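Next, two complexes with subunit A in common: one pairs it with subunit B, the other with subunit C.
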Partner chain A sequence: MQRRDFFKTLGTAAVVGATLPVMGMAAEEKKKGPNEFSYNQAVSAITGGKTAEKSDKVHLKVPEIAENGAVVPVTVEVDSPMTAHDYVEEIHILDTKNSNSRCVDAFFTPANGKAFLSTRIKLGGTQDVVALVKLNNGTYLIATQNVKVTIGGCG
Partner chain B sequence: MEERTSLIKIKPKNYSDGEIVKVDFMVMHPMETGMRKDKKTGEIVPAQYINNVKFNYNGKLISSMKVWESVSVNPVFTIAMKVAGQGKLTVTFTDSTGESSENSIMIQPKG
Partner chain C sequence: MEISRRDFMHIAAIFGLGMATTSVAASKAINKISLKDIYKFKAKGNVTLLHMCDLHAHIKPLYWREPSTLISAPNLVGTPGFLCGDSFAKHYGLEPSSLDAYFDTCIDFEALAKKFGKMGGIAHMKTYINQVKKERGNENVLFLDSGDTWQGTGVALKTTGEAIVKAQNYLGVDVMVGHWEFTYGKERVKELIGMLNAKFVSQNIVGDDSFADDYEELIFKPYTIEERGGAKIGIIGQSFPFTSTANPKEFTKGWSFGLRLDTLQKYVDELRNEKKVDCVVLLSHDGFSVDQEVARQVKGIDFILSGHTHDPSPKPITINNTVIVIAGSHGKYIGRLDIDVKNGKVKNYEYKLVPMASNMIPADPEGEKLVAELYAPFDAEFNEVLGKTKNMLYKRDTFFSTFDQLINDAIIDEMKCDISFTPGYRWGTTVLAGEDILMDNVYEMCGITYPNVYTFELQGQNIANLLEDIADNVFNANPLYQQGGDMSRLGGVTYDIAVANKTGKRISNLKVGGKPLDVNKTYIVSSWGGNLQSAGTNLQTAKIRPVYDVVRDYIKKKKVVDVSNKGNVTLLDYDCGCPKKGKRGC
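So, the complex of A and B:
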């Protein structure tokens, strides 16, 4: 074997060696979680086909840039008097790209005094975080914000 | 059954009757999605995540939550609550493997 042939084979081996783990990772990403809900499926499961209006009453607080996707603080607050006749029934926190788009579905009563929900979620990559709110008269309100994720948090 | 460490915090610490306070509920829980691989053994870690949280105040359900696996490890849930006299706030949660636990705190308004 000549010297240049030897380097050629070495080069190919290195390329193959480098691509194999990448292919392995691509296969891993297709693994299925316990629940599979795309964003559209999740929204239609919640609203039952009704359209949700964009509203200023829903205040969604998420960092614009999340350095760590494993812990993204989300706060949702809705302007509502929370009386027996006019209150927020449900607050849903959704995302658009995780394999399961549903994060938390919270149900409230007038005894809460204020429609407020705060928690921390995992985001697999840069995507939108959505707050979907149901009022007791059956209307749905929505607020969306994009979050840039530097390091994904799923896996 | 393994007991999960959980904590309920009322903010602010001193509150009066009729005031709206924030209730923090924290649990030490792995929140496994069922998609993560164990780095040492290479096996998929089975899913185990909290799927239900209930807030009871004096035996009355004030708020409940359906939780999915996209919530972070050791989750924190914060809700608002209107103080209505002395009583007991009980938080119950169950996870996807059927494990359940509860924690409670006394509500004692001042003044």
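So, the complex of A and C:
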């Protein structure tokens, strides 16, 4: 099966690594209600208050101007050897202004081969999209990009 | 290094050399300007690229006044792409009242229009192209078109682009990209490409319908390699990245656009390393300021031939060894770029933005015949005199223009709305004071494939938010977040704007019909050429009508239109419309 055909069978909500990572929503935040994770709450729930370091090892690919806010394609790839001693454990995709800031949590093992995640998220308006990455040594890396959701019409 | 006339004037300006001397020199130059001066060029190297952008279907000569207001975020003020009027003239060292000043700026436009006449027209462009081909040899010349070619006049609209494809074939366009082309719809675009002798290339249009065969596939060839003057020239296409946001999505359903700088870098590398081209050209419809960002982020492009923002740029700009040019709009110019390229290296180049002065460059009879044939079926409709205008009707400016005000007046008169929105496109026309307004002029201003004026209800708060959203598309400090248009024109509304303020905080003192906007009140809004109706409620379907019909009927009713040049927007953080670099004033 070609990689492309594989995407096709998955349809619009493709989430792909070399093998599928385990997906899950943040169970520890459930008590606050399903739509009430602010950005800061979501980040501290993930990192436990640790600081995340800006890193150009995290390649966040997302359009500057969304063609359609309802399905914004996001791809995150992290430079990592993905060996037993040095690998990416988690990739989280967050946004800063949706009522629920925590969009995707993906968990990886060295068996994934590649720290790669591709999906589509819904954005209620112009805001930052954030990729938050946990390495197996416990450090957190972060990359951010602003995405404009506009009614358009110039030009 | 030889000092050209323009350079000399620039140096003279820097050293504050006597104005009396320069103005004498200038008046001498005007009287003496001849066809020879227009053709004059220090030929270089083995290849010539001819470049045209944003013709907007103007196959006949026209008047086109450049903006008298071109405002941007403070970091971009006075940089190429945000220069106009006096700051443009100073930056490029233009002589007052010269042919260049007439073509490139709005200064003394009406007086100079009478002196120098109309601009562009394919019959005149062809004469110039033939001249260059004769000088350089046919086999050494490549003609590249940055798009926005098929749309913008009545003849384009009525033939759904076909008349303009015939014009391109006549001109001998070799490669093109697109933007407004797509507003004829995907299927028609493919049909027209079938009739076109040029190649249509785009690396940034990809299928995004996961059930279609072209999912994640390129819709067009990303690049083409053309041999000229013994060199292999790789030309990568970049169509307008925000087509699906700026224009209705249904025209390009299943296609995804975007800047796609990662794949652009991949194709640059592929052309250099695998295809072993001698020179990499990006044929682009990104816009002038966006392409300056592209040059900062993508390595290995020799030349960017830009388009979309309609800037005339008499001098190329160089960023990270990438040379960027852009050739105005409406057929006013052809850019001539001579390149000395051998063994995978560009050694030297020479550029000139050549004004297509239709009174000086003779028309090619074959072109005149073609234009007459293409217009013949529509002459009766297009040549109808609708009325006269007391003052000049023009299109360009950041916030306001007289022709757009006329359109808003017509809409408010017919639709009985509180507020009218007219889009801030950068294409259109200019009608001189005292002249007749023809139906053709109305199509030149609003000949689009989605012309309906929609009348609906919007809450005050939504109107304020929408205006901020539109302002951010125009004034964002990061060019990558701009869409390259001017601000939407509002009828029935006045407001103040502080461009340098943060997103969402620029607009204040918003008044509707002279009264402060009530955020809780529901207003009747009419709009066309955009997507505002999707944000409104209670759409009045019985009133829906094409904007060009609304404007035609209004001018006919009025007989003489008298639109004042006094705008409806107060600019708070700049003292004039054409500020200079690092300044808030002039």
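Just so we're on the same page, the second predicted complex is superposed on the first by the 117 of 155 C-alpha atoms of A that agree within 3 Å, B and C clash if a C-alpha of one lies under 4 Å from a C-alpha of the other, contacts with A are read in each partner's own complex, and residues count from 1 in each chain.
Everything that follows uses one rule, which is that a contact is a pair of C-beta atoms (placed from the backbone, for glycine too) under 8 Å apart; a residue touches a chain by one contact, two chains touch by 3 or more.
Keep in mind the model is a prediction, meaning the values are calculated, not measured.
Asks: Once chain A of both complexes is superposed, is A:Asn98 in touch with subunit B (first), subunit C (second), both, or neither?
Replies: So A:Asn98 only meets subunit B here.
Asks: Which partner does A:Glu64 reach: the first (subunit B), the second (subunit C), both, or neither?
Replies: In the superposition, A:Glu64 contacts subunit C only.
Asks: Could you tell me if A:Lys122 is touching subunit B, subunit C, both of them or neither one (first, second, both, neither)?
Replies: first
Asks: With the two structures laid over each other on chain A, which partner does A:Ala45 touch: subunit B (first), subunit C (second), both, or neither?
Replies: neither
Asks: Report for A:Ala106: first if it touches subunit B alone, second if subunit C alone, otherwise both or neither.
Replies: first
Asks: Counting only touches as set out at the top, which of subunit B and subunit C does A:Ile151 meet: first, second, both, neither?
Replies: A:Ile151 contacts subunit C only, not subunit B.
Asks: On subunit A, which partner's contacts cover more residues, subunit B's or subunit C's?
Replies: Here the partner covering more residues of subunit A is B.
Asks: For subunit A, give the residues common to its interface with subunit B and its interface with subunit C.
Replies: 153-155
Asks: Spell out the residues on subunit C that touch subunit A in their complex, using ranges where they run on.
Replies: Where subunit C meets subunit A, its residues are 179, 208, 210-211, 215-217, 240-242, 244-247, 249, 256-259, 262, 308, 423-426, 466, 469-470, 472-474, 476, 478, 480-481, 483-486, 488, 503, 529-532, 534-535.
Asks: In their complex, what parts of subunit A are in touch with subunit C?
Replies: Per the stated touch rule, the residues are 4, 7-8, 10-12, 14, 61, 63-68, 73, 126, 146, 148, 150-155.
Asks: Quick check: in the complex, which residue numbers of subunit B touch subunit A?
Replies: Residues 20, 22, 33-37, 44, 47, 49, 57, 60-73, 75-82, 84, 96 of subunit B touch subunit A in their complex.
Asks: Which stretch or stretches of subunit A touch subunit B in the complex?
Replies: 28, 31-35, 70-72, 75, 95, 98-109, 111-123, 153-155
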